Structures are given as structure tokens and as C-alpha cells.
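Lettered A, B, C and D in written order, each chain numbered from 1.
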Amino acid sequence: MPKTTAAWREPGEYTKNLVQAALLRCGRYAIPMITSRAEVSVRYAETDMMGVVYHGSYLPWLEIGRTALLKEHGLPYRQLEAEGFFLPVLEVGLRYLKPARYDDTVTITTTLREKPTLRIRMEYELHRGEELIATGSTLHAFIDKAGRPVRPPPAFAEVMGRLFA
Amino acid sequence: MPKTTAAWREPGEYTKNLVQAALLRCGRYAIPMITSRAEVSVRYAETDMMGVVYHGSYLPWLEIGRTALLKEHGLPYRQLEAEGFFLPVLEVGLRYLKPARYDDTVTITTTLREKPTLRIRMEYELHRGEELIATGSTLHAFIDKAGRPVRPPPAFAEVMGRLFA
Amino acid sequence: MPKTTAAWREPGEYTKNLVQAALLRCGRYAIPMITSRAEVSVRYAETDMMGVVYHGSYLPWLEIGRTALLKEHGLPYRQLEAEGFFLPVLEVGLRYLKPARYDDTVTITTTLREKPTLRIRMEYELHRGEELIATGSTLHAFIDKAGRPVRPPPAFAEVMGRLFA
Amino acid sequence: MPKTTAAWREPGEYTKNLVQAALLRCGRYAIPMITSRAEVSVRYAETDMMGVVYHGSYLPWLEIGRTALLKEHGLPYRQLEAEGFFLPVLEVGLRYLKPARYDDTVTITTTLREKPTLRIRMEYELHRGEELIATGSTLHAFIDKAGRPVRPPPAFAEVMGRLFA
């Protein structure tokens, strides 16, 4: 965001913004966006009598996806909690497109599309091979041990600042 | 819904609609809407190391809510499946407002706001005493044993037709 | 338990033992033994693709059984933990006799056969109607927040002392 | 076991048995015994409010262990079920020695100590690094789709016959 109107007079910056906005609109612009991949092998315990995976069994998979993303960037969730920072789920949404089945290998692609501030939104795509079988999102905020909302831990803020620079 | 403009000339109907709209807006008008209440006592198994209920543990509760609603109207889900009709979850959304805790009594209020056609939307409110702790919704459609979308079973259509007459 | 010493003087001590053993054998002798009943309605989430209840889903039921027993005797587990006493499972054993099914009502009968000292053994029988569908047992010991073995909380010891007097 | 002294005269067989028995007794004899290793990374969903893994969460791990063993020997459980053979759990026993924790890597060692006949017993050891944290066993028998006990599928019998030759 330009903070001075002077910015508008520099054609380069202005043009860049325009182009960026246009490209964003048609989905071809590479905005900074953090993505991580994890895999699970579907457990028998995760199925139900419909013969496919129980819809609630997908939630631990999303969790595996986002903690893999955090770990890859040097932020193991285990350590965040050890330092007194908890990241509960405030909202979750899931769309089931194709049933997952026992013994399937499911790839969880987790994406952080915006620099997290107080709220952190994660998006998920679940694939079996090439086939997209579910999409979802979760919303989070940091709290302390007493359950009070807190600012993200410094290490987290630092990593995100760098990733979304 | 009046389909002819003639409806507008009949003061009664017109006034009724106006009043209905006004009451709807302030939430006091009784539109046909099916609601059911069920209770769960929070299990230790449903908690996680954050000391509260794991966010995924709410999904079986919603299921208890909607199957209670169906059973109250003479449609036990067990029997629907026995007759070859399955009602998988196509979408789920949940907002967590306050953490549920071990040994809490949680009341699940399930609402069917619109007459279900091919798609069935259920809405949920979870309370601990007077306190609203979570809201959610699920979307469903009937499928057969082979996983193909099918029309709702006749008994289901009949009950819904009567409830939303 | 004989309440008068007279009982012991009657030659029949030997006879009494014989009778006691006989009655025990035919299940009609009342040894001090604490029993509690709880009910669960089988959840869809508890089934697996074999079409019946997943074998791991029985463990939360045993937990419901033993916490019901404790609560009935004025020892809600929630409060034990609030006072810093935890009762983890050291051992569990289960025999599955008949499959439990979705929407079944399962009665959990929990029995404390011996006065618990440092170790607490609970035994379980699961019925669907009159039919015994599973049996099990768990072994427990109290630990403190740091995970160290501790003596049972005074309230617990007092209740058990009274029950097994 | 030779029941007649005649056996003494057949050096080969007799010596073999003696040596085998002696070695078995001191635990150094390599009896045919099938072992498989699998790993799980502990999920947040598997913990409870005691801050460690919920005791019921170990059961899906044992399942991962035994299905890995079967798969390694060309018997994917998915296919056994596809061919109409189901392998329910008849008994389970677990001893918890040390608590498993979130994000731990747990190695499941599954052992088939005897050639399975109608009953199949699997034994388990769970380690975190070098530390043994739990042991367990399960008992199984094959059933058909209708729940009736059946002989193991031919492929299974053939593999076991070869492994325990």
C-alpha cells in the first residue's frame, strides 16, 4: 500500500500495482503464498459403516497439513505450545467432493494465502492421486494458557514477515 | 407466494405478507421450521491436550442432533440405510465460540429451515446452559448403495411435505 | 459380613465357608462389590466399514462406565483432576463377543470387586438388552500433574473405605 | 516331543529337537517368527486433556502395525475384504508403560509368533526411540460378510504355510 501520494507519481510502482491487480484478477500472478504438502495413508479406524472415510476423520488430516507447514518453516507446533502459545480452531469449513477410502494415500496441500496477523486462515486441498477429493479452510488465533487472545509469538511473526515480505 | 398481481389487491393477503416480513425481520414470526433438541455429556475421550474438547469431536454431536430430529419425525436413520438410502455429508461448517469442556452437558439444537428437496441443509446451535458455544451447518444429499445421487425415500418426502405444508 | 462375633463361634464357620463358596459359585452370595450401570446409544461415528462398531470405540464406553461409578459415589472425576489427581489407564483388556451396531443401546455395567489400594481394577460387562456383547477390565493408579504415582486423594480413600467396610 | 525311547536311536531328528528345545529355552534359537515395523507420528487429535496420548488412540496404531505386516507379505487387508474375508478383533490387551506425547515418533513392532490357524494372535511392542512405551496383543479370526467364522482365505494360508515352514 503506497503511503504517500508521491508514490502515484512514480509510474513504475503505479504500473506494477495495476498489472498486479489485473493479473491477480485473472489468477495468473504469483503472489507470495506459502504452500506445504503432507501425506496420510487412510486408516481403517477412519472409516464408517457407509464403507468410506467418516467425514469427521478429515479434521485431523487438516491438522497434519497445517502443522507440517509450520514445521517446514521452523515453527513446530509442539514448541509453540511449550512456549505458552496455543492455536485453536475458531472456524472450520469442508466440502467433500469424492469419498476417501481405506488404504488410500491422501495428499494434503495446505496454503497460507495472506500474511497472518491476529487471525490466521489456512486453506486445504485434498487429493487422491490427481483427483481432488475435498477442499477446506480453518481460521485460527493465538491464545495463551488461560485462553486469552494474544499476539503471535515473536518467532512466528518473524517467519511470516519474512515469507510475505 | 402470490403468483398473480391480484394478490396485491386483496388487502388481507397483502397485509399478511407485510406483517410476516416485518415479524420475520424482528425474529418473532413463526415460519414453518423444524427444530429438535438433543443432549450430550462431554466424554474424556473428546478432549485434547489443550484441556478442552477437540474441535473434531463436535462433528459426531451434530450427527446426534440431526439423527434425533429425523427419529422424532418417524425417520430413524438406521432404517433409511436399511432401505438403501444413505445421507452423506457434502459440506460442513462450524464456528467455535467458547470451548466445551469435559463433563459439560451440551445441548444441540438442530434446525431444518427449508423444506429439503434434493439437498438438505441442517443448522445447529450448541449451548452449555444458556451460553451459545458453537454454531454450524451441514449439507446432505441422498445416495444409494453404489454412491449415486437419488431422490429422497418416499417416507422422507412424505414427512417433509407434511411438516413444511 | 458377620456383624456379631457370635457368628464366628458357631461351628459352622467351616460350614459357613462351604455355603459361601457354594453361593458364590451359583452367584447368589452378596460379597461387598460396587456396581454401576450406564447407557450409551451407539453413534454413527463409532462404526467402521465392517458395518459394526469399531473395536476401539468401546474404550470411551468403559470410561463412561467407570466415571459414572465414581460420580454415583460422590467422586466426579472432573473434580479429582481439578484437585490434581489423575487416574490414567495402565492396562486394558477387552473381549468382543457380539458386534455392537449403530443405534444400539448398550448398557455398561462397571464393577469394583476389590477395595482399591494403590492399584484400582475396574471390570466391565456390556449388554445389548439381555445379550452380553463384550467384557473387559482396566487397571489404574493415581498420579499427580507431573506424572508421579501418588496415593489416592483422601476423599477417594474415605469413600472406598466406607464402601468396602 | 518323542514319546518313545526309540526316538533316541534316530540321531538326526532327535538331536535337532534337543538342540532346538535347548536354544528355545535360552532364547537364542531362531524360531520362525514374522515381524514387521511401522511408524506413526503422534497426532494432536490423539491426545487428551491429561496432556498425553489418549489410551484409546493406541488401537488404530496396532491396526497400522498388523496391516503393515500383512501388506509386506503380499496380503493387503483391503484386498482380503474385497474378496469377502474380514478379520475382526476378538480380543485386545494393552499395557501402557510410558505416556506417548504429541509429535512423538512411535515405532510399532508387530509379531506373529505362531503359525495362525483359525485364530490369529498378533503381538505388539511400541517404542519411542529406544524406549519401550507399551506392549499389546490382539486375537483375530476370519469371518465372511455375514459374520460367520470361515477358514482363512487360500492366499493367506499359503503365505503363512510358507513363512512358518
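By our rule, a residue touches a chain if its C-beta (ideal position, glycine included) is under 8 Å from a C-beta of that chain, and two chains touch if they have at least 3 such contacts.
The shown structure was predicted, so the numbers you read here are calculated from the model rather than taken from an experiment.
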item: Most widely separated chain from chain B, with each centre as the mean of CA atoms; value: D
item: Between A-B and B-D, the pair with more C-beta contacts; value: A-B
item: Angular offset of chain A relative to chain C [C-alpha, multiple of 5 degrees]; value: 175
item: Distance between the centres, which are taken as Cα means, of chain D and chain B, whole angstrom; value: 45
item: Rounded Å distance, chain B centre to chain C centre (Cα mean); value: 38
item: Interchain centroid distance [CA atoms averaged], chain A/chain B, Å; value: 29
item: Residues within chain C bordering two or more other chains; value: 44-45, 49-50, 52, 56, 59-60, 102
item: Chain A-facing residues of chain B, complex; value: 49-50, 52, 55-56, 59-60, 81, 86, 88-96, 99, 147
item: Contacting residues of chain A [partner chain C, same complex]; value: 44-45, 47-52, 54, 56, 102
item: Chain C - residues contacting chain B, complex; value: 43-46, 59-60, 63-64, 67, 76-78, 102-103
